[in-house]
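Which chain is which? They are A, B, C, D and E, in the order written, and residues in each are numbered from 1.
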Amino acid sequence: MLSINGLTKRFGDKIAVDTANIQINEPAMIGIIGRSGAGKSTLLRMLNRLSDASDGEILFKNEDVTAMRGAARRQWQSRCAMIFQQFNLVPRMDVVSNVLHGTLNRRSTLATMFNLYPRSDIHKAIDILDRLGIAEQAPKRAEALSGGQQQRVAIARALMQDPAIILADEPIASLDPMNAQVVMQSLRDIHEEDGRMVIANLHTLDTARRYCDRVIGMRDGRIVFDGTPAQLTTGVARDIYGAGSDFSEAATSTEIETLDRTDAPKVEAVA
Amino acid sequence: MTSLDIQASKTHAEGLFRRKRLFAFGVPAVILVYFAYIFFAFDVPGLVQRANMDNARTLTSDIWSHKVHVTRDNRNGEISYAVEGERKGEYPEGKRPAWVSGADVITVDLGGDTIVRFLPDNRTEIDVPGFGSVEAQAEGRTVTTNLPSDLPDWINASDRRVAIATPEGRITLTGSKTEVFNYFAGWELFWFTFDSPYHGMGFGQIVFGEQIDPERRNIIGAMSDFWHNKMWRHKDIAWALGETILMAFLGTMGAAMIALPLAFLAAKRFAPVMLLRTATRRLFDFVRGVDALIWTVVLARAFGPGPMTGALAILITDTGTFGKTFSEALENVDDKQIEGVTSTGAKPLQRYRFGVIPQVMPVLLAQVLYFLESNTRSATIIGAITGGGIGLMLTQAIQTQKDWEEVAYYIILIILMVMVMDWLSGWLRGKLIGTKDG
Amino acid sequence: MTATDTTGRAATPGLGDIRESYLAQVGRRRLYSGLALLLFVVLMVSGFNIADDRNAGGFWEGLHQIGDYPSEVLAEAWGKRRDLPSLIAKFFPALVETINIAAVSTIIGAVGGLILSLLGTRGLAKWPRLIPLFRRFSDTLRAIPEIVIALVLIFILGGGPVPAMIAIALHTAGALAKMFSEVAENADLKPVEGLASTGATWTQRMLLGVLPQVAPNYVSYTLLRFEINIRASAILGFVGAGGLGYELRNAMAWGPGRFDEAAAIFVLLFGTIVFFDQISSRYRNRLTEGQAQ
Amino acid sequence: QDAKITEFRIGILGGENAQDRMNNYACMQNYTTEALGVETKLFAPADYNGVIQGLLGGTIDMAWLGASSYAATYLQDPEAIEPVLVKQNLDGSIGYHSIGFARVDSGIEALKDVEGKVFGFGDPNSTSGYLIPSIEIPKATGATMESGDYFGEVKFTGGHEQTIIAVANGDIDAGVTWADAQGEWEDGYNSGALRRAVDAGLVDMNDLQQIWMSNVIPEGPVVLRADLPADVKATMTELVDTLYERDAECAYGVAAGDTLGFVPVTHKTYESIVAARQSVIGN
Amino acid sequence: MLSINGLTKRFGDKIAVDTANIQINEPAMIGIIGRSGAGKSTLLRMLNRLSDASDGEILFKNEDVTAMRGAARRQWQSRCAMIFQQFNLVPRMDVVSNVLHGTLNRRSTLATMFNLYPRSDIHKAIDILDRLGIAEQAPKRAEALSGGQQQRVAIARALMQDPAIILADEPIASLDPMNAQVVMQSLRDIHEEDGRMVIANLHTLDTARRYCDRVIGMRDGRIVFDGTPAQLTTGVARDIYGAGSDFSEAATSTEIETLDRTDAPKVEAVA
C-alpha cells in the first residue's frame, strides 16, 4: 500500500533522514519514536510533501508520490492529512471554518476566497466535530479553545479531507496528560472505525506501545527498529534513545496512569 | 572583600559617576549650544522686534466679534452700511442699522454716549465723552480738524488722515471717505445674509411661526438660504470639508489596496526572486522619499487642480509607506498557520487567503485606519497646494489677513473634522479588529 | 477514562441546534461583511467619481500625461547637469534651515510631549484628577495641522522659520504625547513605588523611575517624528515659511529655465528625506531590539 | 477635434483670496453655463503656476492670464493656448504698470532708499510682480536683483495681495504690484491689485506711497485652450467681449476694477514680453 | 517610640486593616504574619505613607505621621525605609545609582538630575554594598543581578536612607531558600548592629520565629496575635492562618533546613 524506499533528506551536510525503508501493506496505526533530532518530523513532512525528498521514493498504491508536482502534489496532500504538534490552525477563524479548510483542495479558489462552502460540507464538519466531542465549540474562534480542543479541531480538519492516511507529528507533545489521552484515543478510534492509516510521531514510549499496532524507532536519521509494541523491550528503547542504564521510561511518560502512580492528585477527564 | 578591593570599587564608581555626569551635562549643553545657534540663525531678537502685537490683537478681537462699517464717500456723499465693510455684507437698499438715524444729518450712535454725526459738506462731528467734540472736514485730499496739537495716544492725525479709536468703535477720516466702525460680539450674518427674508428671525419663529416667504415652506427656505449664505458660504465649506475627507479616504484606501499585493513582492518569504524584491523595496523608498508635496506638484500638471490630484498624491506616498510596513508585517507572519493550510493541499492563493491574511489583517487594518486620520491633516495641507478642500480656503483666508472670524471658523471645523476622523478610525479599529474573522 | 467521547457527547446540545445556530451565524457574518464590503465599494466608487468630477482634469484623461512634467524637469536638468553641483551648493543653506526647523521643533515638541504624557498617564500623573484635561489638550494639539498655526503666527510674527518651528513643535508635542503615554501606560510601576518609598519628589520619580524604562521607545518615536517633521518643514516652506520648500515653489513656479534649480532642490530634499529615513529606521530597529534582549 | 465638450473649466489666477476670486467669477460662471449649455466649473489654484499647468495639461479651458504667465505657457507649448481678448482700461488703453511702493512711515520715497533693505516680488510668473521689475529695476539701480547685491534681501511673497499686506505689515520694506495708474492713489487707482485691496478693506492707501513705476506693460490676454471646438471658442470670445455691455458689475469683478470691457488681441502684442521672459531665462 | 492607634484602611466596602493598635517602645525586630489578603502589605504601606490611612493615627516619637503632607511626608519616608517583595529597583540603572536613590530626599531634584551625588555618598554606598557582600556588583545594572542580590541592593538603598525604621514587605517571598536566608540574616544583622527598628511581613512561620524578637499575627485585617516567638504555638498559628488540623508548618516553610529534611539537595550559601 505505502512503500518508502531509500528515502533520504539532506540539509546541507546534515543528513536528517538516511535511506529509510518502510513497507506498510494495510491501513495500520504506526508510531514513530526517537529522540529529538532523530528525523521523525522530516520523514513525515516528506510523506505529506511539505518538503521534497533528496533521494529515494514514496509509493502509494504504486503511484510515485515523490514525483508529484503542482496540482497532483496538492491532490496527494489532500489524501494524506497532517496533524501538527502546535495544531497549526488559523487562530482568528472559527472552528468550523478551520475544519472546512480540509476541503480547500476540492473547492474552487474563487468560492473559498469569500469563505463560501456548500451547506453539506458545513454539516459534515459539524458532524465530525461532534464525533470528536467538541461540536459545541463550533462557532468559537480557534484561539479561544484549550490545547486539547484545538488539536481535536486539527484532527477534524484532517478527517474533513477524508484522507487515506493521517500523519500526526507529535500530536500530544503540547498537551497535558488528560488531553493527550483524549487526542490519542480519537486517533485510535478513527483508525479502527474508518480503517484509515495513521502514522504518528510520538516521543513517549508508553503512548506508542499503548495505541499503536506497529512501532518504528529512529535514531540519527536511520530506522533502527521496526516491529510490534511487544518487541519493544527496554533494551531496544535504550538503543533508540541512545540512553545509558539510568534510562527510565517514566521520565518520558505523559500518561495519566503513569502520573497516578506518583502522588499527584487524580484528575477527572471532562470533555 | 578586602579594603584594597573596596578602594578600587570606589574609584571605579567615581569614574562611573563622572561619566554619567558628563553625559547628564553634555547632552543638555549640546542642545543649549544648538539652541543658541538657532536663536541667532533664526534671528529671534529681530523677530521679537518685528512681532506685530497689533495684529495679534486684531486677530483675537476679530475672532469673536464683527464690525459694521458706516462709510461716507466724500466725493458723492453716498453713505453705505456694510458688515465687515464687504460688498456681500452690505445692507440692502433703504435699510440701515438701528443705531443710525437722521436724514440730512446722519447720526451714528456708537453707544456709551459716543456719537458720530455726518454733516453736509463732508463735515463730521464726533462726540467722545470725557474729551469733547471733534470736528473735521474733508477737502480734496486733505482733512482739517479742530484737534489740538498734543493728542492722546488713541488719536492719530495728519492732514491726510485722522484715526480715532474709542472704546466704543473706531473712526477714520481721509479725503476720499469717512468711515465709522462699530464693534459687536459674535459672528454676524452667520445664519442668513440681509437678502434673506429669514434674517433676524428667531429659531422658533422659523420653525413654528407663520410662513415668512410665500414661495417656500419656512424650514426649506431657511435651510436653503443658510446653505447658500453668501457671506459664510456654508455650502462651499461643506463641500471643501467633504473634498478633504475624500482625498484622505481615497488616498489611504487606494494606497492600501495597491500596497497589499506589492508588499508580497517585497517580503522575503513570499518573493524568492531577490531582484524583484529589491526593486519593489526601492520603489517603496522612492515614492515615500519624493514626498506628497512634490507628487502634488507633479500630478497637478496631469490632472489639474482638485481633490483627485490630492487623493493621488496621498495614494502614491502612502503606497510606499504601507508597502514598507505591510511587507514587514508579512515577514513576521507565523509559519505554522500557513503550513497547516498547505498540508491540506490548498492552492497558493488559498494559502495566502487563509494562512497569511487572517494573521496580518489586524496589523494592516490598524495601520490603515491610523493613516486615515493622519491623512485628513495631510489632505488639508495638500489642498492648500493643489487647490482643493478646506486647506485652500483656510490658507487663502489667512493670507488675505482680514476675515479672522472665517479663519477661526475654518480652524474649528478642521479640528473637529480631524477629531471626528480620529474617533471614527478608533471606533472602526475596535469593531474590525475586535470581531472580524480574516 | 477512555469514556471521554461519550461524556463529551452527552454534554452536546442537539446537533441540529448547533448546525442551525452556526449556519445562522455564518449567514449573519456574510450579511455583515457583504454589507461592509458593499458600503466600502460604494464609497470608493462614488468617492472616485466625485473626486474625478470635481477635479479640473479627469483621471483617465490625465493618466497618460503623468510623466510630462517630470520628464520636462529631468530633460532640462540633464541638459544643464554641469550646474547641478553649484546649484546644490547654492540651496544648501535653505536645506540647513529646513532641517534646523525640523530639529528644533522635534526637540521642543519631544520635551513638551514628554511632560504632557507623564501628566496624562494613569498611575504616573502628578495630579490624577487633571489627566482628562492634559489628554484633551494633547488631542487638540495633535488635531491642528501645522499649517494652521504657522500661517496665523506668520501674521503676527512675520515670515521666517520661527512660526514654522513653533507650529511644528506644537503639533509634535501633541502627537508624541499620545504615543509616549501609550508607552508610559505599560511602564512598570515598581521602581516608581520604590523611589516613592525613599521620599523622592514627583520629578525625581519620573526622571529616575520612569524615564530609564521608556527612553528607548521615546527616542525611537522621536526619531520617527524628526523624519516626519523634515517633510512638514519643507511643506510649510512651500506655503509661506522659509527654507527649501520656499525655494522649491519659486523654482517650480517659474518653470522652464529654472527646472535645473527645481531638480537640484528636489535632489537635496529627496536625499535628505531618504537619508534621515534610513538613519532613523536603523536606529529604531537597534533600540527596540536592544530592548527585547 | 470638434468633439462636444461635457464641461467648461475656467481657471482664475492666484494671488488673491480663493473665495473672493470665486465670488467675482460667479456671474461669469452662470453666463458661461447659459451660453455653452454645459456645466461650468471654476478653479482657483493657489498660485499662477497652477493655472499655467492646467492650461498646459489641458485641464483648464479658459483663463485670464498675465502677460508673463502667457509667455510662460507659450514658451512651454506654443500650441496649447490662443490669446483672444484683452482688457481695456477706462481711457481705452490696454496697458498697466508695475508699481513699487512702501509704507509712508518707513521713510522710503524712492528706489534708492530701499538699498540694503528687504524688497518683495509677488509670484515668479507675474509680469508686474516680477518679470518687468526684475528687468527694469536693475537698470535703475545698476545692480542685480540678487539678495545682498543692492537690496538686502529679495523675497517672493507669493502674490500681489500678499505683497501689499507684507508691505503694509512691515514684513518687507518695499514691494511691487500692479495698477493701471489712472485715477487717485488714495483709491488704489482705478483698477489693479491695490484697488482690490482697498475694496476689500485690507489697506488704507494713505499709509502707503509709490516709490517706483515701470513703463507700460501690456495687459494679459484672456486665453482659450487651443484644442477647444471652434464653436465653443467663438461663443466664449463673444461672451467675454460683450460682458461689460451685458453686466458692468460682473465685468468689474472679473477685470479687477473699472474697465471698458475687452477687445481682441493676438500673440503679436506679447512678443516683447516673451522675449523679456526668454532674456531672464537666459540669465 | 512607634505607636499605632486604631489604624484602619478601607477600600470601598472592604476593610483591609481594621483598627490596628501596636505599641513599639524600642527598636525591635518585628515580624508580621498572616495569610494572603490579611492586610500585612496595607499596614506597611500606611506606615511608609505610600498610602493614606482611612482612620486612626501613627505616632513616631510623638509626631503624628498620618498628618504629614508634602515635604514633611517625604521627609518621613526617608526616615522609614521600605523593602519590597519585588525589590522595586530601577532595573536599567546601575547598582550604585540604585543605592544612592536612598539619598534623594536629601538632595535637590536638579542635583539628582545631573547625577551630582557627593563623593562621600558614593563611598558610603559602596561600603554598604560591601557590608551586604555585593560590592563587586556595584557597576552592574540592577536587572543583571540575581533576585537575592537585587534584594540586597534594595536593603542597601534602605540603609543609605539611614532610616530609623526599616519596613520589609515579604522581602524573601520571591527568593529561593538560600537567598532568603542571606537576606533575612542581613536584616537581622542591621537590626542588631545598627539598632534600627525592622518590621517585616513574612508569610512563613519559621522565618518569623527564627529572626524576630516579636511576632504580630494578622487575620482579615485585624491583629489577632502579638507576642514573642515562643508564645507562637501551632495552635495560635492555626488560628492566624485559619487552617484546619491538617495544617503543617513545613508547607509554609522556605527555610533551607526545613527543605533539607526532605530530599532536596543541600545548597552551599555563597555571599
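We adopt the following convention: a contact is a pair of C-beta atoms (placed from the backbone, for glycine too) under 8 Å apart; a residue touches a chain by one contact, two chains touch by 3 or more.
These numbers come from a predicted model, not from an experiment.
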item	value
Both-way neighbours, i.e. chains that touch chain C and touch chain A	B
Label of the chain whose CA centroid is most distant from the centroid of chain A	D
Chain whose Cα mean lies nearest the overall Cα mean	C
Top chain pair, ranked by number of contacting C-beta pairs	B-C
Cα-centroid distance, chain A relative to chain E, in whole angstrom	54
Chain B-chain E separation of Cα centroids, rounded to whole Å	58
Approximate Å spacing (C-alpha centroids) for the pair chain B, chain C	18
Geometric centre distance via CA averages, chain E-chain D, whole Å	83
Shared interface positions of chain A, touching two or more other chains	94
Residues of chain D engaged with two or more neighbouring chains	9, 11, 43, 46, 53-54, 56-57, 59-60, 158, 169-171
Residues of chain C engaged with two or more neighbouring chains	54-57, 62, 65, 68-69, 155, 158, 239-240, 252
Each pair of chains that touches, named by its two labels	A-B, A-C, B-C, B-D, B-E, C-D, C-E
Contact set on chain D toward chain B in their complex	9, 11, 16-20, 22-23, 43-46, 50, 53-54, 56-57, 59-60, 158-159, 161-162, 165, 169-171, 184, 186-187, 199-202, 204, 206-207
Chain E contact footprint on chain B (complex, rising order)	1, 5-6, 9-10, 12-14, 16-17, 20-21, 24-25
Touching residues on chain B, where the partner in the complex is chain D	50, 52, 55, 69, 84-88, 141, 160-161, 172, 174-176, 230, 233, 236, 300-306, 384-387, 392-393, 395-397, 399-402
Partner chain A, residues of chain C touching it in the complex	1-5, 7-9, 11-13, 15, 18-19, 21-23, 25-26, 30
Parts of chain D lying in touch with chain C, wherever the complex brings them together	9, 11, 41, 43, 46-49, 52-54, 56-60, 72, 75-76, 123-125, 155-156, 158, 166, 169-171, 280-281
